[in-house]
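Two complexes come next, and they have one chain in common, chain A, joined by chain B in the first and chain C in the second.
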Partner chain A sequence: MTAFMQQIINGLSIGSVYALMAVGYSLVYSIMNFSNFAHGGVIMMGAYIGFFLLTAFKLPFLIAFGLAGVGTGVLALVIERIAYSPLRKRNAPFLYFIISAMGASIFLENIVVATIGPTFKTYPRIFSPEPIAVGNLSIGRLDLIMCVISTISLAALIYVIEKTKVGTAIRATAYSVRASALMGVNTDQIIMIVFGLGGLLGGIAGVLFGMKYTVYPQIGFITMKSFIAAVFGGLGSLPGAVIGSILLGIIETLTSGYISSQYRDLIAFALLIFILIVRPIGLMGKTTEDKA
Partner chain B sequence: MRRRIYLIVLAALLVVTLGVAGCTPKPAQENTAGPASAEVVKVGWIGSLTGDQAVWGQCELNTVKMMFEEINAKGGLLGKQVEVIGYDTRGDAAEAVNAVKRLTSQDKVAAIIGPNASGQAIAISSVLEEMKVPDIATVATNPKVTVVDGNVKPFNFRVCFIDPYQGAVAAGYAVDVLNLKKAAILYDVADDYSQGLTEFFEKTFVEKGGEIVAKEAFKSGDVDFRPQLSKIKEANPEIIFMPYFFKEVALSANQARELGINAVLMGGDGWPSDVLIEMAKDAIEGSYIVNHLDFNDPEVQGFKDAYKAKYGLAVELNGYMAYDAVKLLEAAVNKANSVDPITIKDALETSSVKGITGQITISKDTHNPEGKDAAIIKMVNGEYVFQQKYSTK
Partner chain C sequence: MLKVENLQVYYGGIHALRGVNINVEQGQIVSIIGANGAGKSTFLNALSGIIRPKEGKISFKGKSLPQIPYKIVAAGISQVPEGRLVFANLTVKDNLMMGAYLRKDKHGIEKDLGKVFELFPRMAERVDQPAGTLSGGEQQMLAIGRGLMSNPDLILLDEPSLGLAPLLVKTIFEIIKDIKKLNKTILLVEQNAYKALSIADKAYVLEQGRIVKTGTGSELIKDPSIQEAYLGKTLKSYRSND
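For the complex of A and B:
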């Protein structure tokens, strides 16, 4: 039983990182109906910005953390302006957006390889690695902090989307870009805001990921898993992205804990494909209702 | 018009991206002896200059360059100046094959040093045999690098001992010296090196009367090992064998301690690195490493200091192995009294040289250095502390 509980805790901890990354995919998808693969690159840049603020400038953790989020928010906006906005203005097919996004992602990865270097970097130790023991279970301090930060960020995001005027506009745009524009919503601005928000969360996710593991140019590959989690939860649905991510984390840990660690990805992803066959829109995906 | 400008910008961007990505392996660094000397002999080097193992690859290339500069200053190999041509394999077997093709067909090298990784060293054999150029691998410890199905590969050599030996030494030391009888293994299922060590650790450990209580796998690129470690914790081992590279070692060791696992950790030559100590100093305290040499051996200090003075960095394990690969090549060239690749290959088969990691006597039947002792190293206060020379024979 203890082992099972420990595996659930491990799964939650892995899932909460996926969740922070996955909402970025979901947010953009809900408005623009395409998968923003450049998000992986943004997350990676967030991890690097946080790393340099902490090591080279020796900023306090919270300030570095905030600045990394702002930095990636701006980066996401720049990517939108350069890579997507011109396509959007000419009503290009969605495939072009995806290609453009992949290009941006590869570009970011290689610019880091070429300038900062290909080897991984380690964050300075900010929190004690001593775990908190609850009975026979051990919970990492960093995991707890990650969980808290993820929850606060996601709650704030949901508040913005559900309770504010901007949020109403985002939801309206998600429902129909054309109709919202006709109703006087500045959809261009809304799209910028959505990219900014996605980038901000991506930066936070990047710093947390870097602190927990390491920073390296190929972090983007890990974010593929969070993208899959977002699809699994239902692309375009924020609660879906969160639930999908946490479920993926738990499925992964339980597979390696009770079936076979060697076949973890094989079994976990076969299960996901099965779920998508049964329910193609994902767990909480909605096709016609509001999506944010 | 606007559309055209846009297309031009896009094309320009693509070109820039291609340039940054660098699709073809470019000469990473060259060390030209100068056009003055008419007779130049080229020696190739391949290894990772990008990716997780870039730290090691760079150290090897630095060492090889430094050694040949010294040899050139003393008059070169058989009176010929040596030019080192290094190519990046990006840690990828296919890139390694391309690099060897280029070294043998375009650059026409006399011999190749490297790579450090077994996966790449195994992949390049067919090209070496086709082009008839010998290769001396540095830290490629998988048996298949030089011998497949009992047949020795004619052009592959190495200066390190092999995985069965390393895995067997680790298991023997754990049971016979440390007296630990319950072991768990965590290994990388996608890596030949890790699988080789695992197989022979398990075999020797069981033969010596120990018990493997858990055997868990992960895949290269994973960063979270807690599900596997939680399962290992349930089995309650006395020792955990971790036969993989320092990045994963650091992450998994930290996570093991986080989960409250107190077992002794043990690993192979994939461990030693300053990065490991930086990342996981506390977690690996008291761990044991099977290594090729003792870093504090008085005999290695001269090279260690010279390297530090030249590059301002500490030598990684790969540097010592690259040092011995160059020494072996030098000995073989002198013995052959020729820089013809096939003659060098014949001379390598019976060469013996006193290397920095011990006496290297190549066996004609296996192309491995036979009878090399392993060094057992213990981590004490973030330092590598030599315990003893150990062999299972």
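For the complex of A and C:
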């Protein structure tokens, strides 16, 4: 039982980081109805920005965090302006957006390979590896930090979406871009805010992910798992993205713990295919009728 | 108040509006009637900046109208779209507040909210309910209320009676008259020609992207060609079905 609880705690920790990444996919999907595959590249850049701020500039941990988030927020906005905005103005089919997103993603990955190099980088040790004992369980300090930072960031996001005027406008625009424009909402601005928020949280997630594992140019591909989580929970739904992410984290750690860590990704991707067959809209996804 | 000259709109290769001229005076109810596909919604969406016209001049309150939707709302024109398009995922209150999105005058917003609740008491009862749970008629009322919340000078109503039961249609048209009393100018687009003409100070008939007839509402109701095309063969037979 202790071992099981231990796996659940580890799962919550990694799942909360997936959630930070997944809400970025979900927010963009909720308004623009396409999966922004460049988000993985943004997360990867966040991991690198955090790494260099901590090693080359030796900035304090929290400041490095904040700056990485701001950096990726701006990067996400730039991607929106260059890769998507011109397509939106021409009412291009959604396939074009996805192709543009893949292009942006490949570009980011290769620019890192070309300038920084393809090798793995390891974050400096910031927290003592000594775990904290809670009864029979031991919780890694980094796992705890990941959980706390993710929870605070997600709570802040949910506050913005649910309680502020801009958040109401985001939800309205997610329901209907046209109706929202007719209410006087500058929908272009709302789209930029959504990309900025997704990028900000993605950068924070990137730093956490880099600290937990390592940093390398293909990290963006691994963050695709958070996309799986977003699909699992229901693309376009924020609570869905969070729940899907936590579940995915737990499924992963249970697989690693009881079967083999080599099966971890296999099971994650098999899960995606299974969900797409059984329930294409995910646990809490919006139906197409809602969107009409 | 609103003057539209030679408005030309293309949808890809389709010439949807072929030089529409319309004049709306302050305080009037102006109706545009026409069959499905005549270009009525296209016309309103061109006014709201959702569709960009290829040619033509639109002036509002003596000034040229901007072409971006949120600037048009700021200028004092709001649209209640066809099919209502209420935000089903938001509460009734949030829907109404979205209507007031560009306003900063808290006091004025509260006052207009009060007016909307006076016009639609049912909205006050359901203020915390998600709009998606409302009936069709209630959604139409919410959509109109939302359109009023920007405190527009001119309100564009796109097929407000569409899909509603006859009794509700009657209510909606009563409400349109009440809105006029609030000192608003109304541009109404309708397929329900008899109702639209009977409340109109002035009306236009749109056919295949062109204005083919204009006059006061009562003139057009009596016009034999209108009676034949839009009101059923004779007015009497239409009324007995009403």
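As a working rule, the second predicted complex is superposed on the first by the 266 of 292 C-alpha atoms of A that agree within 3 Å, B and C clash if a C-alpha of one lies under 4 Å from a C-alpha of the other, contacts with A are read in each partner's own complex, and residues count from 1 in each chain.
Keep in mind that, in the parts below, contacts are C-beta pairs under 8 Å (C-beta built on N, C-alpha and C of every residue); 3 or more make two chains touch, one makes a residue touch a chain.
Keep in mind the model is a prediction, meaning the values are calculated, not measured.
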{"item": "Fit-or-clash call for chain B and chain C when the two complexes are aligned on chain A", "value": "fit"}
{"item": "Touched partner set for A:Met192, first chain B, second chain C, both or neither", "value": "neither"}
{"item": "Partner chain in contact with A:Ile222 - chain B first, chain C second, else both or neither", "value": "first"}
{"item": "Which superposed partner A:Ala181 touches (first chain B, second chain C, both, neither)", "value": "second"}
{"item": "Chain A residues touched - chain C or chain B, whichever exceeds", "value": "B"}
{"item": "First, second, both or neither for A:Thr168, with chain B first and chain C second", "value": "second"}
{"item": "Contacts of A:Leu87 with chain B and chain C, given as first, second, both or neither", "value": "neither"}
{"item": "Arrangement angle, chain B at one end, chain C at the other, chain A at the vertex (C-alpha, nearest 10°)", "value": "150"}
{"item": "Which superposed partner A:Ala3 touches (first chain B, second chain C, both, neither)", "value": "first"}
{"item": "Smallest separation of CA atoms, chain C relative to chain B, angstrom", "value": "16"}
{"item": "Chain C contact footprint on chain A (complex, rising order)", "value": "165, 168-169, 171-172, 174-176, 178-187, 290"}
{"item": "Residues of chain A that touch chain B when the two form their complex", "value": "3, 6-7, 10-11, 13-14, 86, 103, 106-107, 110-111, 113-114, 117-120, 122, 129, 131, 133, 138, 140, 212-214, 216, 218, 221-222, 252-257, 260-262, 264-265"}
{"item": "Interface residues, chain C side, partner chain A - complex", "value": "48-50, 69-70, 73-74, 78-79, 81, 85-90, 94, 97-99, 101-102, 132, 146, 150"}
{"item": "Residues of chain B defined as touching chain A within the complex", "value": "6, 17, 20-21, 50-52, 54-55, 189, 216-219, 221, 223-224, 226-228, 230-231, 233-234, 247, 250-251, 254, 257-260, 275, 278-279, 282-283"}
